[in-house]
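Lettered A, B, C and D in written order, each chain numbered from 1.
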């Protein structure tokens, strides 16, 4: 089922490309001259041992960190570095390794918050919460409900996310990202700490997102099995350097990768 | 137990997103409003109106103001008193310069002045968070306090250095000044508070409210979903200060009828902060609970000994109040850190699922 | 037989009539995307028309059979009507049926087109595709996950409607033609084939004409004064005659609104939101609600529990009398009023039953205690006795004449009689046209002069003249000592205990009665939590000796109450065991409507049955099981058997008996 | 033009023309600063070890002083009273840990912060209830603290140093030294430092959090007492002091919540800064700017170095 999708993306033009990006915090090198691209409509995995700089990479992509060197071209526009707001507006959404949900808010509000960039009714109408403002709320609520339905979290619609079990929180976070209708979706270990069943669900959602909405996805994941059957292409980082890049099978066979992983285990 | 929700279904989102989706709650609100507008005026003597209700409402509004900033946006402020002051002095100047304009309009307009000041002192929130920001707001508190004392123009050069509220009539009825009856002032305060509370609930239930809460709960994530933190924070400062400003103006014009700068001293800020915390951060209802507890309780304490004929020095009573309030605050925080509003919620939930435990 | 006004003798005709009569009234609601999406009768007609014409375009013809598979969704009901408008015959199938079962029915009914809910059902059909060569088109409601499927024979509901709308727009008189085609339908025409998963053997297709269903629906509406103001919730299997008549035909004839829940597990919540006024449910549903109540109350604080128990006792004592408008002392009324405020009201509200005017329990006999409980808290619960072959209604209880052990008097236009063998027979306008492609079975059941053999043993209660069903005619047996042994009667008594989900009584032709028990995982599970009994699976919990003790107490209680009854005293349960697995329709142990298939179970578990009577205290058993995903496996277990002391028969009673004898 | 002159030229002219005044001002500022530093020190101790932003520190100063004087008034010999007061502070520390911190463990910062507000109110009321609300005079002589002034005439003028101030500076310095040693050398001290980093670490040193809290609150109490004595000796013992105690907050901002040297340096900057400001620029604004100058300094400072003088740069991670 995945096969056709993979083929067409193989030719799809690049949506985002990072060119020898380097990042360091006060002397500590996080990334060194990393370059790779993400093509429209593909599922791109970033893997590597702990501390390989995967998360830092995502943080660079959506402008949370400013790299010291390198270029980032997104949708053809070349920048020295991203800015969070610009990234968000450009259509880059993101979930986090250890959840960054708005714990005090309900599932509904969390996902609605993801629509912020798309809501424009002025302050005055907000004061009245009437007329245009209300209409806008309703219209976006409808979109959000579709996402809720899609992620099968209708039952927890009005529950404070702080009270939800971990697996569900992950889903809500994905929902918030989807609410932004992103062109590029960055998932930082979407399945960390999940049991098998939850993982299967999550994989299904990721695939469905990619197919239903044609969203391009870049994900960091530790579970090799998952990575191999989800992703179209894989880039491997180790100690902040790129050591391999290609289709899952290519990467699996790459000896640097094998070494890196064996190196990690002991 | 009283809730009978069977048959209350929503066939459109507007209804589902209403502030009070449950019929019984809507009824409750109406009952409260009727009591406030009809029953109290009928049975209300000066003491009830002037010493209990008017200040209670005013403090509630101020608490709402601070709650918008601290409870909803997560920005701790110790400058509430000063922002209230700005409102009061602004109102005084406006009333003096344009004597013929309806005073209530000025009461509201003066809010905008404290908004402006609030935004000004909110600027540091771009760089700093938490207690650091709290201390920054202390700068506002002390600087403004100092202005209130040192700039005679603000209090119209009155010899006492205090605000003397001029007589103003609305449609022939004395609204402010010595001859204004407590009933008229009560109704004015009540109306303003009701309207502004309604507006506040609109804000917090809409896009802006979500924006603020996002900033409060996880500012980084908020930024990454496209919320401009700085704008959101400044907006919070502006709105919050507006409410405080109006509360301050009402306090002087519709309650005290005259006041000195001390009224807006740091203790006032602390008092409001108590109300917000005890009432419950991030809930409008809590602001009312908090103000009821923190303001009305001490009055009760002062009355009790008298009623029981226990001889007690007023000073001692004062100090005793301090002790008790202080202890109460700690006790409340221990019992329910999320404030009275949370207790209320729990109770309500129990009633909804009655007879089941969950 | 009285025939119908020809302008209203088919469901599509009724639809277009309603569209003009109650145009702006809600016809259907569906909890979807968080709110109750609503369609008026006018809108419903529009949806149906568009889909119907679309169907015609993709080649559905008069006389074709098409199937409907899925949970209760407006679109699936519309699909039935849309097909019927073209003169095609819907053959709804149980959505939870496994692929093979479906294959049998669809092949047998020569279904050419399927309207299904979602990917799950599509996958099932694909799995058995080669067994169904004639099935040319599959229409799905939810596109989720189907994007990359081969769409050669696959099309979405919207697309079909789009085709229809396009046709309507492009071709001016297409609308008239459709109207005309719809008008060709006659009351005598075959309207639907419902496959009954009979308690014995393979399922048979019951053919019902429009007249059958519409007349009995009309009568039912009149009988209970139902009109367009009713609110009902549709949550029972589409393929069950109950749902077909109740949420489709009766809705169309009365014009009331049918509400589709968001999901199976939100039914209680959804029923509560809507606040239905007319409820129709098999005893199981009421059982579950009661179980939930008991379980939750067990966790409640002592005070709350005391209040609850006290008022429930009040309800038991006075509730029914008050409901039946009998004379009761003032203090009782006052107590009851209090109870209503503190317990009954909230309780009914929790379950969304507050506004229920009439509640029916049917499909299976209901445990008397269960029945009394609901009547006691002021729910006007009545019994009816029905069959697919009768378009449901055979007998029903008129308001005010409610007895927990009868099923009421003959419904309007229904004639009843008891054969010499004690079997119940009936004749009515609702009587079916025969089993599809099965004349000899039809002959067995349907006599030349239109009488139908129910296969149930029963008699008219001398006290009130209402029909009383004892059991399936061929299930009623006798113990070797000659005492009457009516298994279902025992089972129902046992099933009232929240802890017992299913019970299978054996004893026909044996020296004494025994029972195989299925514990209720919800109830016993929470009991286990409270008594920190640890368990990993149903099997483990079922085998737990403390659970055995608990069940033993329940059965002792049952025996005591049996001892009270002259006829049954002899048939007390002497031995029982708790089954190591839950009885399951997928293993053919229950019907899709969750009825016990006792015969099947008894030979399936023959080793256990033998163990009952050869005195051994436990037995080894291995059973074939079908898992969720359809693949088969076997589970083995060693099941313990417990002995019980029969309760002494009260001296007075036995004395009377002797005199009677 | 003239205003610019008044702001940017005139003050400095004055400084040059009368260095004695300048010196006097600097000295006064220094002493004030030292006392701010001491209060700030109390904050830092508690914040470091328990993450509690102890708003009550200022009140503890007053309360301690009040207790000391009050006891003496009731005829308790000075040093006995001193000892008793220390004991009272210990009891207070225990009470706070038991009744406040333990029940509120792992509540959000702001809740603990509010709790210390409650504590403040309580102490204010309690102190007055027991010892009366009227201002009191610190028992300087009985504690053998020097009084009078050292006067020093140079050819450029005349400066006077209050002996008590000198004493204050010395004692304060000793205090800091002791604390420093305590933190660097002793096991408990190390434990405390560990707590600041991670609670597990502290436990591994074999001291329970509860004990640590008691210790730091007690230490803070002792610091408060010292401060109270000094301050009381300079002005008088009354609750008006608590406003001055708030001055410790800007000091903290300058120094950072967790740095002891920061507290000291910050204290000095604020103390001297506000005195200079008041003396040389205050008149332009009609005086009294002491009340807020400290905060404005801190505020301006924050905008450029949010993490304070000695706080290390925060790298935000997600």
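Definition applied: a residue touches a chain if its C-beta (ideal position, glycine included) is under 8 Å from a C-beta of that chain, and two chains touch if they have at least 3 such contacts.
The structure presented is a predicted model; accordingly, all values stated were derived computationally and were not measured.
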### Query
Stepping chain to touching chain, what's the minimum from chain C to chain D?
2
### Query
Which other chains touch chain A while also touching chain C?
B
#### Entry: Two chains sharing the most contacts, counting C-beta pairs only
B-D
### Message
So, comparing C-alpha centroids, which chain is the farthest one from chain D?
### Response
C
### Task
Please compute the C-alpha centroid of chain B, do the same for chain C, then give the distance between them in whole Å.
58
### Query
Per the centroid of Cα atoms for each chain, what is the distance between chain A and chain D, given in Å?
49
### Message
Centroid from C-alpha atoms only, then distance chain B to chain D, rounded to Å. What do you get?
### Response
33
### Task
Take the average of all CA coordinates in chain A, do the same for chain B, and state the distance between these two points in whole angstrom.
42
## Note on the structure
Among chain C residues, those touching two or more other chains are 34-35
### Query
Which chain B residues sit where two or more other chains touch them?
12-13, 16, 220-221
### Query
Which parts of chain D, given as residue numbers and ranges, touch two or more other chains?
318
### Residues of chain A touching chain B in the complex
62, 64, 84-85, 87-89, 93-94, 96, 100-105, 109, 112-114, 116-117, 119, 121, 123, 126-130, 133-134, 136-138, 141-142, 176, 180
### Message
With touch defined as at the start, can you tell me which chain B residues reach chain C in the complex?
### Response
1, 3-13, 15-16, 353-358
### Summary
chain B partner, complex, touching residues on chain C are 29, 34-38, 272-275, 293, 296-297, 299-301, 304, 307-308, 341-343, 345-350, 352-355
### Query
For chain B, which residues are in contact with chain D within the complex?
70, 76, 124, 127-128, 130-132, 135-136, 138-139, 142-143, 145-146, 149-150, 220-221, 266, 270, 273-274, 277, 281, 315-316, 319-330, 333-334, 337
## Note on the structure
Seen from chain C, its contact residues with chain A in the complex are 32-35, 144-145, 147-148, 262-263, 266
